[in-house]
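In what follows, structures are represented as structure tokens.
Consider the two complexes below, in which chain A is the common component and chain B and chain C are the respective partners.
What follows is the complex of A and B.
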């Protein structure tokens, strides 16, 4: 087998050195009745070429040559082959968690840069070395707010990504954390009239997403004022991180939980991505996840180490801030390399192109009779549109033209049937936007 | 290079694996930045341009991001390539970290994970155009169930620790459905730190139980503690000592008699795949770490994936959605799971990791047994050849890893951490230090099947050389490693006054 670097005679030599007659002897501690006599019923073994063929076949069973207007937490953005070349270096790809700092300075330095970039983008003072994804980052941010305030309730905007809220609910259930969902207003913003000071005063945090699930930008400074004046924290989650290239960051928030997939990470059917938590310096000891910090060696040279580990499970066990161990380091590296390539100007330009494309698409769609935007709030690259027919019907017709149309919002918000969420990023050519608009026009003109 | 040591002191003759190579000095990317440089250009905008102020209004528009890097493409390439040369990696040599299973990460797995159609798949694209992705998940599920002998699986958890939590939530939901979720989860003192941390998030109390003198779970002790308020025992098998729990079936029986369940932490499945199936020896629920046994790259700390396998009785409680094959042969996501514990991660988990794990499994097929045999062979070979030089606190037969202690070297003031750091000078990544907690001064060595006899011999030679240095030259350890870019770093200072980001 090509992955196994031993010849049959070397195996015999090693057995002889051990003093065993055969390999079976080494497994004698496993009771005989539990030892398998027959081969496992597994497909394979496959050669490299056969493995490639299997996966190429699978790839052909997907929407490989379709145009997609899906966003809703996972975004198609430009990626660079430069990033790919870097992350495929074995020194990054095949290294372990950098506990042995002297031979992990590459990873540690890159994590330190990641933490810096995330802090700069979110307008926060400190960011961690990554979480699994946006949904778990948000969940951990809320648990962090519960620890900081000692309050056992949170107010969560219904405009937070539905799957993020589901994950939060799963974790909250056994931790004595009550969740109250706050509805949205006609503008698509969180309904601030539903947030009374009494309600906030009983809560650990107000939790919002911006841009929210409907693509609408929330008024962070005002929400932070409301939260803070009643002693609660403001937790903000960001699913579309490219927005930070042009949208004012949530400086006033106390904890930011972000999904970094938009920074050069492929959609990959939902993962692996890269979550991150950013916060204020004063809350850092309540933050979950690894942290790289700067220090020096005996000769005074700058170096980096994993630090403040007394928050973590391998030191604190049941008293840790979280059970997280493995994180998404390689994708933190992807985001870091990608952001370094894009740079200050490139990220801003990319973000502006998203706004321009989304606005163009909306304007074109709104020319179709009966099609109009549902909400009025400012948006980044996603918006909800109301159609005169069911989104499901429109989508099945679009699929025949190799277009994956809007996400049916009614799936998660029953009151919003006939509404679709569209995402248009910098990767979407104008001609494809026009093809979508023409197709929808044609579909709606066809008698039912 | 530590200036206080001469070349000969720092590098004994026995170092055959490592030489010296030029290491480039490199600052932080922020320190190379200059206004107006960039490393990526976008295609020109083909729709009317907008300004931030018009589109977003004054409330939402952002100015320039202070301190954000501005560098060219070649600078990015050189910066990260230089950083990469400061890392040790499996691709460079043996990585004997016990319990971490640092095995070869096949390159074809990286290739197929990037195929157009798979890497570009959106998790919400309709099932009819996601059949390939769903089938990959379904095929992996089938393979993992065959290997573990369990009945049903979820591949949603993003890492082992999340798998633990998911399994515990399912235990809770199951017991709740029987009328009482109970209060405690038993954990042996040799367990991974994630176990107790996950127990707390699942709303249970941790009850630690002692290992017996042989490092095994004390069944008398277990009988005493497994009272009516105990929901489950979480056991790592083989244990973190690398030893199979010989009485595992009896342990399962004790728990089952009392209505409690047996959770198996599958972190050490690399010792069992193809040899024995946890489903056969009484395990009710377990997780696997695909970044360990199933070869997906650690990437400097992640990503991982932590599939959870369960027996039939727990199936209704699996997180939703699960991937099912319908009567017409098509695959679908089943969201209609009324008893589900809920969702633990958005979408279908770390699909890209699942895909790599499937590629690994397909490469071996039933031959995965040979990988397990080689892993156990390597560990036993190293054990046998190092027994003369290092103390072996528990002498039960080893499977995939062996745990020595620093007891002999400590007499000369040399501890496990010192030996680990000195090992770096010999060109190896250290073993796992100071774990499991039941072994004072633990040296936990897991070579995996990926090491040749030659690499094992080099390691053994290095350890012998280090053992004699501990007798003759114990001072050398205090400043080790000597051959790295930086020397031992001041961790106390890092924690006392944390500097966690660059500032202009």
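What follows is the complex of A and C.
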């Protein structure tokens, strides 16, 4: 596609064709209060060399040579150069979903494999061709539950990622969907005593994350029982997909909304990532987004097509199941290639290393006087630790030693000040964990 | 082709009223336009339908179409046969593939609807428009 701007005379020609004298006339139907009156405060144009210099400067600001213990929705995991080599091939390097099966068998086959992998990992019967990310996937899953049950309220665990909850609240605001948040217990799990059958019976779904924002694994089978016995669905979201290498998949959930970044996608700038929706076969027509299906062509050969597209925006306009009309085909491909390289055993081994290293880090940290874990529930590779001092103070001291420390949990949960959320994945060498522990010990021994 | 004791809408639904209960379906013309039906979405028993409002969808290999209610009233029964055999809509649209049974809020609501002869004429005109 070429990006050639229109010349002034071409613009005049186009305006004349629609009977407008000037651009102002073209925009007159937009109410005055929504019109921009002054020019945008943007810097002037740059030459090619100036642009290259500008981006070199920005690149040099990146935190190189830092060791990061941040997780909270974005995870550092092994990424193979093989994945990169495959996805950068010209045949694949497009973010667009192929509508024309005649010319897109390679991409459609890869998407079909992605769906198969996601369905198997999440323990569900069907998965779509991907969503934007975990937060939008969760929101779409909740809207799906609203359509299926006809109930206009959802019960959302406070242990669901705070930013996922913000995205959900933004959508819900104008859709007549009421959200009630359910608090957590001392173990770090959703507080099941706060979930009465009456409350569930008035709701479309109970929404939980596992491992949750505190890293704690929720009791999916029991929560599913509670939801189902009062006619609601269980929507489970997963932010750390590598956990599925060792944790029992949420097979009892009715809809699984997952962030797939952990499967070979770089943390980048906090995106772009790849979302997943997986569900039961009987809900497939309420599932938003693209779906690649296997079929046979006129010659009886196996082939792949986009299927069930009649409910999508390009056909059904405002009555479509979702107004997200695109997906993340390239990152779905990254996840597919990554998982195929790892294999079943590789993913399990990776997940085990996460558990082992996170357990080691916690045990070492807990040896520091005044440092202890906040919650008791079982966790995967993240855990919340209480410090005798503000997390922000500790972090600014850690930064001087080129360590990016724990997330200050108090920024999302005011009642949890002085608590830090740490993530330790398979990429973290033992010596770096020991360096973190030694640094925190030293910082806490220094008088304020 | 079109049963004489049914009434018909411009959106190609039919209704047959018997002691205040209306059986609703889509017409042979509608199923022919849609092509192979693969899925039917119906309201829940007890739902309140309003005249002219969508109460479900019929999905064919080509499109998803709304079904509009010819009358107002409460849904007494839905045709569970269509859950597993939506293709019945293609083979027997005026019989076995009825969609819902409705308790009419006002039996006079069917008076302005077309009778079989009027509907036949209406669809013939439609067909002519298409071929013109």
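Here is the rule we use: the second predicted complex is superposed on the first by the 390 of 448 C-alpha atoms of A that agree within 3 Å, B and C clash if a C-alpha of one lies under 4 Å from a C-alpha of the other, contacts with A are read in each partner's own complex, and residues count from 1 in each chain.
In the analysis below, a residue touches a chain if its C-beta (ideal position, glycine included) is under 8 Å from a C-beta of that chain, and two chains touch if they have at least 3 such contacts.
Note that the structure is a prediction, hence the values are computed from the model and not measured.
Asker: According to the contact criterion defined above, which of chain B and chain C contacts more residues of chain A?
Answerer: Ranking chain B and chain C by residues of chain A touched puts B first.
Asker: Under the stated touch criterion, which partner chain does A:385 make contact with: chain B (first), chain C (second), both, or neither?
Answerer: The answer is neither, since A:385 touches no partner chain.
Asker: In the overlay, answer first, second, both or neither for which of chain B and chain C A:371 touches.
Answerer: A:371: touches no partner chain.
Asker: Considering only the touch criterion stated at the top, classify A:142 as touching first (chain B), second (chain C), both, or neither.
Answerer: neither
Asker: Once the shared chain is lined up, is A:258 touching chain B (first), chain C (second), both, or neither of them?
Answerer: neither
Asker: A:315 in the overlay: touching chain B, chain C, both, or neither? Say first, second, both or neither.
Answerer: both
Asker: Name the contact category of A:150: first (chain B only), second (chain C only), both, or neither.
Answerer: In the superposition, A:150 touches chain C alone.
Asker: May I ask you to decide whether A:241 touches chain B, chain C, both, or neither, giving the answer as first, second, both or neither?
Answerer: Neither partner.
Asker: On chain A, what residues does chain B touch that chain C touches as well?
Answerer: Of chain A, residues 310, 315-316 contact chain B in one complex and chain C in the other.
Asker: Note which residues of chain C are touching chain A in the complex, please.
Answerer: Residues in contact with chain A: 39, 41, 44, 59-60, 62-64, 66.
Asker: Which residues of chain A touch chain C in the complex?
Answerer: It is residues 150, 285, 310-311, 315-316, 319 of chain A that touch chain C.
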